[in-house]
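Down below are the structures I want you to see.
In what comes next, chain A is part of two complexes: it sits with chain B in the first one and with chain C in the second one.
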Partner chain A sequence: MIENLTKIVFTGPVGAGKTAAISAISDVPPVSTDVACSGDEKKIKKTTTVAMDYSYIKLDDGRVVHLYGTPGQERFNFMWEMLTRNGIGLVLLVNNDNPDPVGQMEFYLDAFDSFIKETGVVIGITRMGISDQAGIMDYQLKLMERDQVVPVFEIDGRSSDDVRILIQALIAMLSV
Partner chain B sequence: MHTSTPLYISTINLSETDLKIFQVALDLIEDEGVACKVLPIQDTRGHLVVIDMDSTDSETILNSLRPGQVKLVLSPRHMKGTNLVSIKKPIRVDSFKDVLLKICNKMYGQIGTSATPSHVTLPASPSGFAGFMQQLIQIKNNNQYCIIHLQNRQDLVIDGERQMLLSRESFENIISSNLSLFEQAKIELLSEKLSQSDMGNTTMTALAGFLWELAVKTSESILPAGVGEESKFSLKAWPNFTRHGFKPEHLKIAALLAKQAVSINTITEKTGLEQPLVQQFVNGCYAVGLLNLNSKLTAKSQNKPVDVEKKTLMKRLAYKLGFA
Partner chain C sequence: MDVIKEKIDKQTEGENIDLEKYSKVLKRKLERILEQLIDECDEITAALVSGIDGMAWAEQAKGNLDENRFAAMSSALLALGDNLIKEIHKGKVKKVLIESDGGNVFVVHAGSSLLLTIITHEDANIGMPLAHANRVSEEISVLVQQCVS
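Moving on to the complex of A and B:
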């Protein structure tokens, strides 16, 4: 039985575009708990989400799919398990501008391993246009090495079309 | 000995080390008067085809070779077959040289020694669109440069090093062309890339994107060599759908092929999609190297059928987001 509280969880490091991605597909603008960045995070962006983002999509039968964005900082990882409860799938966003973006992808795949095995994951790589740290092939090769055949797409987190294709792939995976 | 007619040799899926060993062995047999010519890597048209069986697509390539071609397979196990010689890995120069010499001497008896090298006719490459695509895939895989001469149209240039396609025409125009344009195209390999002044004003497109679009939109369901309607295959990785043109049905096919190795016929049965659509997707994946043609991937036990309620939820979500 699928409980009414059905979630899609968005995760990834600081600056990967989780808040923008949720905004791109949700019915209402997300409620974010952003604060001004400090330390190294300040170099990446002005504000960051310290607790979570939240929004939702209301379906035509009245059911609601809740969209949760995890805080980007690893120090908040105690919240990750809690946020994935009742989740139907994971959207992992990775910022290609990061010094080791492929390593970042691996980190989150490992951190959410059991949730991914129960549900499914789709991966969006953001900021590929402005950074050549890694190409899409580098991510694909790492996933092959890990024996994970999961969608990994180049996306612009602000583009609702790109985010929708990611979600479309997640739906396809969860339907077969 | 045999100095006039070169024997053409193909090397398929050899590792860097084995290629070096092969080259040394070849030098040694040439010292003994045997004339050989090595075709570009992965060109399968040789009289003798040296193939490493450790790669996932080797078996498919081996099966697609013509019966008349002699196959020298490098394999951890002994293999048997018509016109097939097996050499156990890891290979050593001495044993490789001995086997090559033996095969070459025997083969010279079959291909004759009277013709001059320029008269030796290479076995024909696959013709038509399939042949054209295969050549482009090889050029991409070998990071080569080439010019594609299209009839009554501007030439296209492939820069394999940067994995880009350079064209004076818009990408959309090229892709919307008829299959016959590409069937009649001539590919000229270049030893080095053209300078910017030779190229003039051009637009650049990712080569993988070009191959994908070309295969999906213009292949008209012609299957790649080695793929039949009943051959089973799976996906090595998902295509980069946000940057390649795709149809919503492609996601369904990809999701299935990511979980298990299935045939085209099984995909059409399971998804209810039309066969040409499935074939176009398969062509696209093959063109960008995402198809595992020798896959033994079976559905994992936890991949139990999706319950009806979850399927309904997914359908409603797809509908809400405008996918259905």
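Moving on to the complex of A and C:
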């Protein structure tokens, strides 16, 4: 598995911090396709990704990992499929400061179900400190209910170290 | 109209025009523009105006078109085109053109917040629909400017 290591995909709902996470760890300025939001989405944030984010990182052993971020909105689900092709794993980011973060986690786990089954997934919960409506345990309980074993981390999406931990966890999972 | 203008003046400080505020009026006008476009140019089978964030605004089509899906795809295409050009520092994107066996698709900017997608039938040439696309995108851009100034 690890020999073919090329591409990791970041996904999750609008405002989870996918673009920020990719930009936090990348070695080069990321390619992003952010545009101004309109309507209800504008209340959450100013800009949104409409095609993809792309960047890459070099691991300590010199290997290059390509990072792709998907748009969050369901209307862009055609990009989800395109971007996961030949991917080796998924990083799912969930914004805890949302009305139903556990439900959102489930939605993306279902949407990326076949990709996850072929590869693997790790979950990063962002904005945990801002909202305490769900704890790590709530996510884990839901995952147990779904019969899925997935590492869940509380992270700051803007922190390079935090995002790196997610990627290391994902690669460790895939190497087993 | 004056009342709307006043409201819009208050709400549109800064670069990103908040189209949502007068969406109904604008939607109706856009639909009329597209209807006229399809009437005038036989080669065009469908036309769609969407926000740069992939939300559908107005659509006219001979036949079925999933406007929401098409709007999202159009914005993704144009955003990728914009970024590709930015990457090589060669100015601004005028249009994204896709030629296929079954017809062509043009995506052009229509002002800073909207974009226009035009679909032609398989025998259509490129010139005429493209000329219409350029004219109508300019028209839409002016319409939006008028609404907010």
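Points worth noting:
In this text, the second predicted complex is superposed on the first by the 164 of 176 C-alpha atoms of A that agree within 3 Å, B and C clash if a C-alpha of one lies under 4 Å from a C-alpha of the other, contacts with A are read in each partner's own complex, and residues count from 1 in each chain.
Convention: a contact is a pair of C-beta atoms (placed from the backbone, for glycine too) under 8 Å apart; a residue touches a chain by one contact, two chains touch by 3 or more.
As the structure is a prediction and not an experimental result, all values here were calculated from the model.
Superimposing the complexes on chain A yields a three-chain arrangement in which chain B and chain C fit side by side. In the superposed model, A:Leu59 lies in contact with chain B only, and not with chain C.
In the superposition on chain A, A:Val31 contacts chain C only, with no contact to chain B. Put simply, the three-chain overlay gives an angle of 150° at chain A, taking C-alpha centres for chain B and chain C and rounding to the nearest 10. Of the two partner chains, chain B is the only one that A:Ile165 touches; chain C does not reach it. With both structures placed on the common chain, the touch criterion links A:Arg146 to neither chain B nor chain C. In the superposed pair of complexes, A:Pro71 makes contact with chain C only, with no contact to chain B.
When the two complexes are overlaid on their common chain A, residue A:Met79 makes contact with chain C while staying clear of chain B.
When the two complexes are superposed, the chain touching more residues of chain A, out of chain B and chain C, is B.
No C-alpha atom of chain B lies closer than 26 Å to any C-alpha atom of chain C in the overlay.
Put simply, chain C touches chain A in their complex at residues 16, 18-20, 51-55, 68-69, 71-73, 75-77, 79-80, 82-83, 87, 113. By the touch rule above, chain A contacts chain C in their complex via residues 31-33, 35-39, 41-42, 46, 48, 50-52, 71, 73, 75-76, 78-79.
Residues 234-238, 240-243, 248, 251-252, 254-256, 258-259, 302, 306, 309-311, 313-323 of chain B touch chain A in their complex.
Touching chain B in their complex are the following residues of chain A: 1-2, 6, 25, 57-61, 63, 65, 88, 117, 136, 140, 143-144, 149-155, 161-162, 164-169, 171-176.
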